[in-house]
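What follows is a pair of complexes built around subunit A, which joins subunit B in one and subunit C in the other.
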Partner chain A sequence: MSGYLPWYAGAAALALVAVGSCIVARRPLGVSGILSRMVNLRAELEADRARAASARLSEAELERALLAATLEAFGPPPPAGWAAAATASAAPALGCGSEVLLPAAALPARGGRACKGTCASPAVRPSVAAHALFLAGIVVGGFVAAVLRGGFHLTLDMGPDFGRLLGTGGRGLAFLALGGFLAGMGVTIAGGCSTGHGLSGCSRLQPASMVATATFLGAAMAVSLLLAGRLA
Partner chain B sequence: MTARYRTHLELGALGTLLGAAASAAGFTDFGQLHRMFTLGESRLFLTFTGAVVLAGIGFAIHCRGAGMPRRPLTRGTIPGALLFGAGWAIAGACPGAVLAQIGEGKLAALVTLGALLAGIAVGNRIKGRAGIDSGSCGA
Partner chain C sequence: MIATATRPAACSHVATCELFPKFQRRASLKVWQTFYCEGRFPNCARYQLSLEGRPVPPNLLPNGRELNLQVLGL
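So, the complex of A and B:
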């Protein structure tokens, strides 16, 4: 008796989060990248402020700036019909999925829905506060799931298997610290974790993510078999 | 409500769903993970691969891959993944699951989280020194 969801229900819920996150945040989900923002909190807050300042540019200001830049580059416009001609020639270049860097305010607020393929413009990134809420949500979700299966209680124990294989008390905590440190260093150097590379990367058939996922699953299997005494 | 706060709310809800799904599927349980890694049980492995396939279908319908960032293979991809795999097997937690473990009341996971954040800080330094630009994990 595990009391856990059947595989298809868990799979559906995780897939929903991965795709939903892309629709909401317009970039693929990756928990380690979000945690990394919290580690570099000061720099991230400064970047947020810079983005917010550029977003405060009103649309009219933006149009004026674009017009001025256009005039500077191409000289004064012809007197009639120039706007229509300019729009027609610019439209294909600014098509779906183009990498034009505009301030967040200049992009449609719900671009993921308005234009398929604009999931990840580098100019649009959820604020640190929004990502902090995402992380807090994970904690709340763990709490809700534990309550629903009647298993919420504060404990220092990581379960009978952990105690049997790695030890309890200080020894167990030392292994948790070692494992956590290796995992944190690893996801940063690899540029992704089980969600970033595994879930969001593999599902988009990214070669680097498939290499990373095969590698970390292989390493986890080797270490687990070692712990279980089935290797060596 | 402005779009800005809508994103806050939606990300909070998605985080809650992720934490609940990870916990309810068993990704926060060392024993379940250990049995997946030692091929003792297939349920969690099926959950993971099933999620990848379903998300792939979702991305194919919604985004068609256009404009989505590529994930470059760097010098850090394989060594980093080796370290992460080892850490995942030892601590029984990936970066998302450790937060859900804290929510479940597993106080020892606070140690895992502290070490994970320290590992991220050290990893960033190593990446900077080695000149590896793998981007971040999609955030």
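So, the complex of A and C:
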């Protein structure tokens, strides 16, 4: 087998992965988020253990603990109930706990966006092991695809054009490291990578993801044109 | 003219928050939702950790305290 598969095969595969991720994990896919879990591995494993401990509790036990925490934080509810107090026009005295009291103006209008589309599908946090398996799948999948195409070979550069533009050997590696550092900084600042924003965010019509994706693509096109000019 | 800061009306992380569905389900827990998820979500400890890309413990409450399971005798 040689050459690339048609573009629509790749598009269909990406769509399958994005939709499959939503169906299985009930949360959008984002590769940089999964990678960052590996960076915070120790804390992630502790969170997984706490999650497992919570999962062993019955719903009733969990609610009892949450109710106790609510009383501790907000104090006993006012006679009319929390909902009435929260939406009252005047600033109410909300409880006598340690919580800072909110003026009514700081409270949102009822029927906010939070509930839309999320009530019926509680989020599921995949374990670190599941995400590690996903990352391993990316590497193995890339390897298998390269072997099937007959083009697998280890390399430390990004091809002849990269070498001509940025140099080879230590200089080329330094540029790759710098690029990786900038990419890591970028996805952290942007709250996601091209997969999270481009694939998952845009498909959910998230405005922030659309802006982020337009920026990714715009920057990539500008750099491509710049490099094409230098290579010509 | 009074300058008003523009901020989303509700937390954008509710879809992935493990506690949010629990706050929604029970009226007596909705105070968390009203105060944090739909109000001062920038002050939510879970939101802040999530924003930093750090793991969010499932038992971490929006006010930064951990859910005390000792009240259950566990």
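Details
By definition in this document, the second predicted complex is superposed on the first by the 157 of 232 C-alpha atoms of A that agree within 3 Å, B and C clash if a C-alpha of one lies under 4 Å from a C-alpha of the other, contacts with A are read in each partner's own complex, and residues count from 1 in each chain.
Just so it is clear, a contact is a pair of C-beta atoms (placed from the backbone, for glycine too) under 8 Å apart; a residue touches a chain by one contact, two chains touch by 3 or more.
Treat the numbers as computed from the prediction; the structure is a model and nothing was measured.
Contact with subunit B, but none with subunit C, is seen for A:His131 once the two complexes are overlaid on the shared chain. By the touch criterion stated above, A:Thr188 is placed in contact with subunit B and with subunit C alike.
With both complexes superposed, B is the one of subunit B and subunit C in contact with more subunit A residues. Once the two complexes are laid over each other on the shared chain, residue contacts for A:Ser21 go to subunit B alone; subunit C is not touched. By the touch criterion defined above, A:Gly33 lies against subunit B and subunit C together after alignment on the C-alpha atoms of chain A.
Subunit A residues in contact with subunit B (one complex) as well as with subunit C (other complex) are 27, 33, 36-37, 40, 99, 109, 112, 117-119, 122, 125, 188, 191, 208.
Taken together, the subunit A residues at the contact with subunit C in this complex read 27, 33, 36-37, 40, 43-44, 46-47, 50-51, 53-54, 57, 61-70, 72-74, 77, 81-83, 86, 94, 99, 102, 106-109, 112-115, 117-119, 122-123, 125, 188, 191, 208. Note for the complex: subunit C touches subunit A at residues 8-12, 14-18, 20-22, 24, 26-35, 37-40, 51, 53-59, 61, 63, 65, 67-69, 71-72, 74. Against subunit A, in their complex, subunit B makes its touches with residues 3-4, 7-26, 28-34, 37-39, 42-44, 46-59, 62-74, 76-96, 98-109, 111-124, 126-127, 132, 134-139.
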